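Take this structure first; my questions come after.
Note that the chains are named A, B, C and D in the order they appear, and that numbering of residues resets to 1 at the start of each chain.
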Amino acid sequence: MRDIIELASIGLVSGLVIGLAALAVTLVFGIARFANAATGDTMTLGAYAALIGTAWTGSFLAGGALGIAAGAATGLLAYHFVFKKLEQRSSVASLLASIGVGFVIRAVLGLVFGHGQQVFQLPMVRPFRIYDIRVQPNDLKIAAAAIVTLVVVFLILHATPIGRRMRAVADDPMLAKVSGIAPKRVMIALWALAGGVSAVAGVLLGMKTVVSPEMGWEMLLPAFAAAVLGGIGHPVGAVVAGILLGVAQEVVSPLVGFTYKIALTYAVLLGVLLFRPRGLFGRNEGVR
Amino acid sequence: MEAYLVAIAIVTGIYVLLALGLNLQYGLTGIINFGHVGFFCVGAYTAAILSQHGVSLFITLPASAALAALAAWPLGLVSLRLRDDYFAIVSLGFSEVVRLIVTSERWLTNGVQGIPGIPRMFADLSGMSQASAVLGLLLVLNLVAIFAMRRMVSSPFGRMIEAIRDNEEAVKALGKDPARFKLRVLMLGSALAGVGGAVYAHYIGFIAPEQFIPLITFQIWMAIIMGGVGRVSGALVGTIILMVFMEGSRFLRDVLPFISEVEMASVRIGIVGLALILFTIHRPQGLMGDYTRK
Amino acid sequence: MTVTRRQTLAGLAGALSLPAFSGVSFAQAGGTFRIGALNPVTGAGSPYGSGMQKMILAAVEAVNAAGGAAGRKLEVFAEDTQTQPQAAVLAAKKLIEVNKVQAVLGTWASGVSLAVMPLTNEAGAILMNTSGAPALSVAPANAKGLGYRFQATNDRFGRAFAEIAVKEGFKRAATMAFNNASGIGNTEGFRKAWEAKGNKVVESVVYEPNQASYRGELQKVLAAKPDVIVTGSYLADTTIILREWFQTGENTKWIIPGWAANPELVKAVGNEVAEGLFSVDSVSNEQAPSFKVYDEAYRKAMNQGGLSNVYAAMTWDMVITLALAMEAAGPNADVAAINAKIREVANPEGTKVYSFAEGKEALKKGKINYEGASSVLDFDQFGDVTPDFGVSIVSKGTIERKYVVKI
Amino acid sequence: MTLRIRGMTKAYGGLRVVDDVSFEVSSTAVTGIIGPNGAGKSTLFSLVTGFLDGDAGSVSFADKDLSRASPMARARAGMVRTFQVPREFTHLTVRENLLTAAPNQSGEGLLDVFLRPGRIRQEEERIRAEADAMIAFLKLDRVADSPAGGLSGGQKKLVELGRALMTGARLILLDEPFAGVNPVLIETISDRVRELNARGIGFLIIEHDLAALTKLASVLHVMDRGRLIASGAPSVVLSDPQVRDAYLGGAAA
């Protein structure tokens, strides 16, 4: 039992990171209406920017802030130079272009930083125990950072005028247009927000693991899976699904074998889609 | 030099098979299949495992096609009714699951060690004549595929899949079930990928799970996007550009020695990315034009 | 704005004409022997590939500076395998067919070597690899005896691990392996040797790479209460696993292959975490003068100590060995004649030599035995070497060699 | 043949978009549904044709219960819809658009495509003749071989009508056939509907253009905020004060 609780808590932390990445995917999907494959590489970029920031200032928080700024800037640049031009076209065009954007980001990172691994120098601390459950201080930090980010994002979405407009566009683009919401401002807010969230996910992933040009790309699949599982375009769903997948992976994979850990994600995904074709929280949309 | 060119031509031929399959699925029917490499993998392993037991080439090729199509069947049945972009992600996951299965099930696939010593095709020939024979076989396979596809496109079946690509809901409104057609198309395209996988296995002679990563799928996508979706000529031209680009960058190295290999890898992926972006924005119909019939 | 087909085609044609002429520029150069440097510059082998390639170039420079081998200069054509068999096959084809190389040096990862070997065999070229898979030793892969392995097989690594575990008095060993041929090869080799000594492996886990966490895997292993964990792993996953392990509060010992447990790792995890790790490597023959020469070249090229990349020492030796064999075979010898001399210049009975220039001189007087930078380089009937294994322990952030194990 | 709708209900969140709607449509008549924007007309269409799952209610056509049937099955039962925004197959020609709709084509099976080309050719000739007749009837001759994506809005509506007819439908549900269509084409469409109705094909039409609709329909149903508020002959319904208030008042605002 103790093992399972520990595994679940491990999964929870991984799940929060996946959930953040999925949140970035789902925000873009809900409003710009395509699956953004550049999300993973935006994460990587955020992690590298945070590394630089930390090295410059010596402060991890300042580094993280630079990471977020870099992620947001990347989102805006990608919107301005690529996705804005594809707005009137099918979602597949944007999806394919986003793969291209991801490749370009990865190429630049590879050229600038090389392919070797880099790490965030976190203090390594031994765990403390609560009811005989091991709790790792670094996990707590990562989880806290993820939760703070989530709270901020949801505050932006629900308590600011631009956030409400974003949600309105997500709910019904036609309606939003009729009621006079300037889509351009919404799009700018969206891309800055999604880029920033990706960067946070990247920094947290980098703290847990190592930073390399491919790290974000490798996390893209789980992030997509979580976004779909949660019901694409549904922010709460993305986060919940990310946690669900993270926990399921850790708790179940000792039983089915660790080599099938990643496959578990898809098993869960397919299983849910069989019964809820639009994901856990997805609305049954009508004729599109 | 000739043998090298033939080698590239052979790999190109294999990729064209894959591109034709994807073109049928995406270009003609609108199925966003991001798991193409999974069926390539199934085909390659089918051929490798069968030929280890002494089964001849004339059986391994069709068997690979059949098994790849069969692998597509449950995937299509379960997920083709999902939204397009959901299917894209589920199929991507499917190809990863295929890779994990061949990695993990050592009793069948020899796991991560891979399967070495897969018999070559036309083994009684040697050198150039063997390579030319392989190329000839690929040419025949591709011609058969193209011929069959042309036949299909001009049939009521072809008309229907293009209708599905243009508007799936409207097809439903006419009382026809799009999923039925999409399932067949998914299986057919997968069969082509399977044949490609079989030829690949026999040609390279060694397969291991790490050869079947999603990057292959995206390369094929790039080929059909550049060449022009919905057109046989597009699949062909796009694949050739892809191969010339990937192989050409080797020679670029000889000319530009100041770019290190590590940087070259980044440059290569960067150019692929830029090409994807520029083509989707400025030349969405690809080099050979889009799928407007005529 | 849309670009017309004509414009696009014209642009592409322009871009492609560039490589077209490059083939010509390498036509016909008399009196040279062409070798291909086929290294994992990108992909999983990228931490080593650049160094491997540069050491081939550096060694060739040394050979040419000493007047070439049997009157011939060496010329290098470098290619990236991308650590992928398919890319490697095309690269090898290009090296063999376009650049007309007669030896291919430095393939890494068993999958790559296994895929390239049929091509070199067919072309009658020598293939010198740094891969671990046992299949490379025997037919069909090495049917023509043109393959040489400068790296210990995975089995030998496993045996060395077991020797060390016994010597250190461990009783309850567990294993963790990266899910690929090398990772599993190491831990399986260990299991065989360990069980042959009457011990038991208390738990073994195989993991997929590129995950956000390996804690589930760790927990399973730690639950069996091992006193030592033996890994077949790479740098990135080892970094993550060790950091996570430390934060579980357990005090297990680790035996890790040298390509993962290197200064990079210590830097990444920090001194406290790394304290007491066992790093096992085929001994780069570092007491030997040959290693010193190599080390100097490596520092110059990579700005790092030569110990940080055992494979680079191997590729260095490949060039020297090949050049010495050429020298021994005499002017204008063909590949078969050169191949016949490789064991002769590298194996015992003969004056020990440590560099090409030295060997060239000594060959005038009689038989030589090249003692390499990577190992003493004695090839058995399969073309495999049995290097000694160095056991290093990390202490206060430095990796210190404690002793050497012979198997 | 009659379409029977009973207790049809659909809610999004707390909002009942279609609220307990029941009525019958005869396949010998032209029936209209009117109502202000957001009254739930299009949603009702989707519910009836199976493109949306309702929360409650039943649908039957020609005494066959279709409440759980797929959109395809409902269409095959003889009840075919068009869309508010035309959904032509953009890359197919007008003729090909019509050809896709013909039911029971053996050429839609892959085996037959390769094994029985002769039979398919015969079938194609027959369907093609049918489609050409339809093209002439709908006055689409000039654009028969152009891709449908390039047509005007009204022509697209005609193509959709033609496709529905090619299926052999007994009852055709038109979603705003006159929206964005020029007056000349509105006349054409109206004429064709009348003529087809005379040949025994029923129509259920959602329309904003009251004038055009009242000239066509013999029965009108009025919806407001998800509910059916009036039914009957156009003259009677339009003079109903509740209707005037909900619909005409709403439209004027």
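Here, contacts are C-beta pairs under 8 Å (C-beta built on N, C-alpha and C of every residue); 3 or more make two chains touch, one makes a residue touch a chain.
In this text, all values refer to a predicted model and were calculated from it rather than measured experimentally.
Trainee: What chains touch chain B and also chain C?
Mentor: A chain counts here if it touches both chain B and chain C, which gives A.
Trainee: In terms of CA centres, which chain lies closest to the overall middle?
Mentor: Located nearest the centre of all protein C-alpha atoms is chain B.
Trainee: If you tally the C-beta contacts for A-B and for B-D, which one comes out higher?
Mentor: Looking at contacts between chains, A-B has the larger number.
Trainee: Considering only mean CA positions as chain centres, point out the chain farthest from chain B.
Mentor: With centres defined by C-alpha atoms, farthest from chain B sits D.
Trainee: Could you put a whole-Å number on the gap between the CA centroids of chain A and chain B?
Mentor: About 30 Å separates the centre of chain A from that of chain B.
Trainee: Taking each chain's centre as the mean of its CA atoms, how far is chain A from chain D in angstrom?
Mentor: 43
Trainee: As a quick test, compute the distance in whole Å between the mean CA positions of chain B and chain D.
Mentor: Computed from C-alpha means, the inter-chain centre distance equals 41 Å.
Trainee: Quick check: how many Å separate the C-alpha centres of chain C and chain D?
Mentor: So the centroids are 71 Å from each other.
Trainee: Multi-chain contacts only, two chains or more: what residues does chain B have there?
Mentor: Counting only residues that touch two or more other chains, chain B contributes 100, 103-104, 169, 262, 265, 284.
Trainee: Among the residues of chain A, which ones contact at least 2 other chains?
Mentor: In chain A, 115, 257, 259, 262, 287 touch at least two other chains.
Trainee: Can you pull out the residues of chain C that are in contact with at least two other chains?
Mentor: Touching at least two other chains: 42, 46, 179, 208.
Trainee: Which stretch or stretches of chain B touch chain D in the complex?
Mentor: 148, 151-152, 155-157, 159-160, 162-163, 165-167, 169-177, 181, 184, 188, 291-293
Trainee: Tell me, which parts of chain A touch chain B in their complex?
Mentor: 29, 34-35, 82, 85-86, 89, 91-97, 99-108, 110-111, 114-115, 213, 221, 224-225, 228, 232, 257, 259-260, 262-263, 265-267, 269-270, 273-274, 277-278, 287-288
Trainee: How about chain A: which of its residues touch chain C in the complex?
Mentor: Answer in residue numbers: 3, 6-7, 10-11, 13-14, 17-18, 115-117, 119, 121-122, 124-127, 134, 136-139, 205, 208-210, 212, 214, 218-219, 222, 246, 249-250, 253-254, 257-259, 261-262.
Trainee: In the complex formed with chain B, which residues of chain C make contact?
Mentor: 1-3, 5, 8-9, 12, 16, 18-20, 22-23, 25-26, 39, 41-42, 46, 49-50, 53, 77-80, 82, 84-86, 89-91, 93-94, 96-98, 110-111, 114-115, 118, 122, 133, 135, 140-141, 179-181, 183-185, 208
Trainee: For the complex, which residues does chain C have touching chain A?
Mentor: 42, 46-47, 179, 205-208, 210-213, 215-217, 219-220, 223, 235-236, 239-240, 243, 246-249, 264, 268-270, 272-273
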